[in-house]
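Two complexes, one shared chain (chain A), two partners (chain B, chain C).
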Partner chain A sequence: MPADPLDALRLPTVPIEPRSEFADGLLRQMQSVDAPPRRTTPTIRYFVTDLDEAVQFYQQQLGFELELQPNPVFAMLYRGDLRLLLSVPGAHQGGHTLSDGSVPAPGGWNRILIQVENLDATLEALHRAGVHFLDEQPSGVTVRQVLLADPSGNPIELFEPARGYHERTR
Partner chain B sequence: MRDEPAPSDPVVAIYATALPRVYGYLLPRCGSTSLAEDLTSETFLAAVKASRQGNLTEVSVAWLVGVARHKLVDHWRGQEREQRSLAATEPLVDNIEDPWPEWLDSEAAYAALARLPVPQRAALTLRYLDGLPVAEVADHLGRSVHATETLLVRSKAALRREYGEESRHAR
Partner chain C sequence: MTTVQVRYIVNDVDAAIEFYTRHLGFTEVMHPSPNFAMLNRGDLRLVLSQPGGQTVGGGSALVDGRVPQPGGWNRFAVEVPDLPDKVAQLRAAGVTLRSDIIPGVGGNQVLVEDPSGNPIELFQPLRSEARLSS
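Right after this comes the complex of A and B.
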């Protein structure tokens, strides 16, 4: 093949200094670029009486992934961006007895909420798996929600957005 | 909460060495100081942002020149979108192409290149000034290899005509 005459146009990069005002201005701009805010992980702690049973429940029924279970009284799980810590009461820092003698316990009314795509299908699967429900029928305004409990009795709310659901605006 | 000043950024660290290289790549291909400065800024600011987000593993002068090439191609593609109606009415190039002279006056050829419409100028710059293989030119321009080969043939014919004009004026 004959050489392409246009190969003579090859233009190797020769360093060229731009105007110093430009060079200094660009450097200042580069130095003022901020690092993005450090992301933190939303984290919640639940107390459970049987750690293995609880880990299995969150993995199998609610789609959590086990990250750590370093000892028999503590586990760390993730579901998307949510980090769930499971602690056995009284046994470990995090589950330890307070100075006034009170010991953490599972249960209560506060709970995590998990948004699902199709509440009816999710409920059907959970019913089949024998999960304990605290209320039977989905209810709610702007969302449909039900309340279930983990094996230690901690409430968990599942919800599906409905008409008028408010999504974060900023 | 830690809020220390960022430790020396790897892009800032090689700025003094990289700046004349990046600018030296862009200026002869842009043909205008202001465009070369704009694209140089875009190149370094994009690199710093990527670095601050922890998205960079290795920063080198060659990598920054590659970023500059992407910025230049993006600029051409933006221009091409604006000028699409113009390009569509461009007359078809006839198949008869004068042979190139033995000795190519490269200054005249660069001047002729600067007058070609954007897609032709982009294809020829990447293929010949940068020396990229056709497949890489096609990647940059977002065209198939076949379409790029066709574009190169037409662009070379157009350049030949412009070059003929250029040397006539020069005489």
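Right after this comes the complex of A and C.
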């Protein structure tokens, strides 16, 4: 069989050892329980006192979709990549009462952030719908933001990027 | 692009950065001022705000004067492959656990507290449909 004339043009294959730092780093990353999985669904749990009212609120006012509501104390909703779990606290199964008897409650200040295109228009629509605001005067550094409350009093932050807003893209 | 953001109120941003990066696999995106930082973990972005002092931003007081505080029960969840192992690691590291391992329908969970007392739910799914990752 005649030699392939292209062989003269091919570069020789030279085996190389992978850099040990690279290999070690990769191994550490693969073995680490802390390494975030390649693809995750960011998941938030909020406690609510009235599940039906909350589900309706998140669907109608904030564009969430109901994924499942298998019982009267739990619902799962999605909004884009965000998964929101709603739990009714209490002594029942799924009520998240701790072994020391402490019962979760709605409220607090930790919250999800929802980016909107036009904050003023969104505010107007939410006002018309009678939504309760914790802080309705837009403020912020590189965003304009407001804080509203769901029917159980859980905070939700709406923001619209402003001058200087930085978003890392990948 | 990271699309899901959560804001936690913390009393000490530096201590919080240390906690979330060391124990829960977050990476620091920015820490442009002493009272604010932004961290990422996979598709979740966590912004940390320290209350008081400023008049704008996530830690600022409301118009009615109320000042945000850490704590409460609302939280984000982090999936772990081996909950008992992770709990043992965190206990050894001196991290505060608000609960023991709680058996659930879709999986087992435990509530961990950051240095300011904010809860984080560690979750090990027992059913494939309850998994947070793919």
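The rule is simple: the second predicted complex is superposed on the first by the 125 of 170 C-alpha atoms of A that agree within 3 Å, B and C clash if a C-alpha of one lies under 4 Å from a C-alpha of the other, contacts with A are read in each partner's own complex, and residues count from 1 in each chain.
Everything that follows uses one rule, which is that a contact is a pair of C-beta atoms (placed from the backbone, for glycine too) under 8 Å apart; a residue touches a chain by one contact, two chains touch by 3 or more.
Computed from a predicted structure; not experimentally measured.
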Between chain B (first) and chain C (second), which does A:Pro106 come into contact with in this model arrangement: first, second, both, or neither?
-> second
Give one of first, second, both or neither to describe whether A:Phe47 is in contact with chain B, with chain C, with both, or with none.
-> second
Would you sort A:Arg83 into first (chain B), second (chain C), both or neither based on which partner it touches?
-> second
Examine A:Leu27 and indicate which partner it touches, taking first as chain B and second as chain C; both and neither are also allowed.
-> first
In this superposed model, does chain C or chain B come into contact with more residues of chain A?
-> C
Which of chain B and chain C A:Gly130 touches, first, second, both or neither = neither
Doubly contacted chain A residues - partners chain C and chain B | 33-36
Using the touch rule from the top, collect the residues of chain A that touch chain C in their complex.
-> 32-47, 80-83, 85, 89, 93-94, 96, 98-99, 104-113, 115, 134-135, 137, 139-141, 145, 147, 154, 157, 166-170
Residue numbers on chain C that touch chain A, as the complex places them | 1-9, 23-25, 29-30, 41-44, 47, 55-58, 60, 62-63, 68-77, 79-82, 85-86, 89, 98-100, 102, 104-105, 111, 118, 121, 123, 132-134
Considering the complex alone, what residue numbers of chain A touch chain B?
-> 4-11, 13-19, 22-23, 26-27, 29-31, 33-36
Chain A-touching residues of chain B, taken from the complex the two chains share | 6, 9, 11-12, 15, 19-21, 23-25, 27-29, 36-37, 40-41, 44-45, 48-49, 52-53, 65, 100, 104, 106, 109-110, 113, 124, 127-131, 156, 159
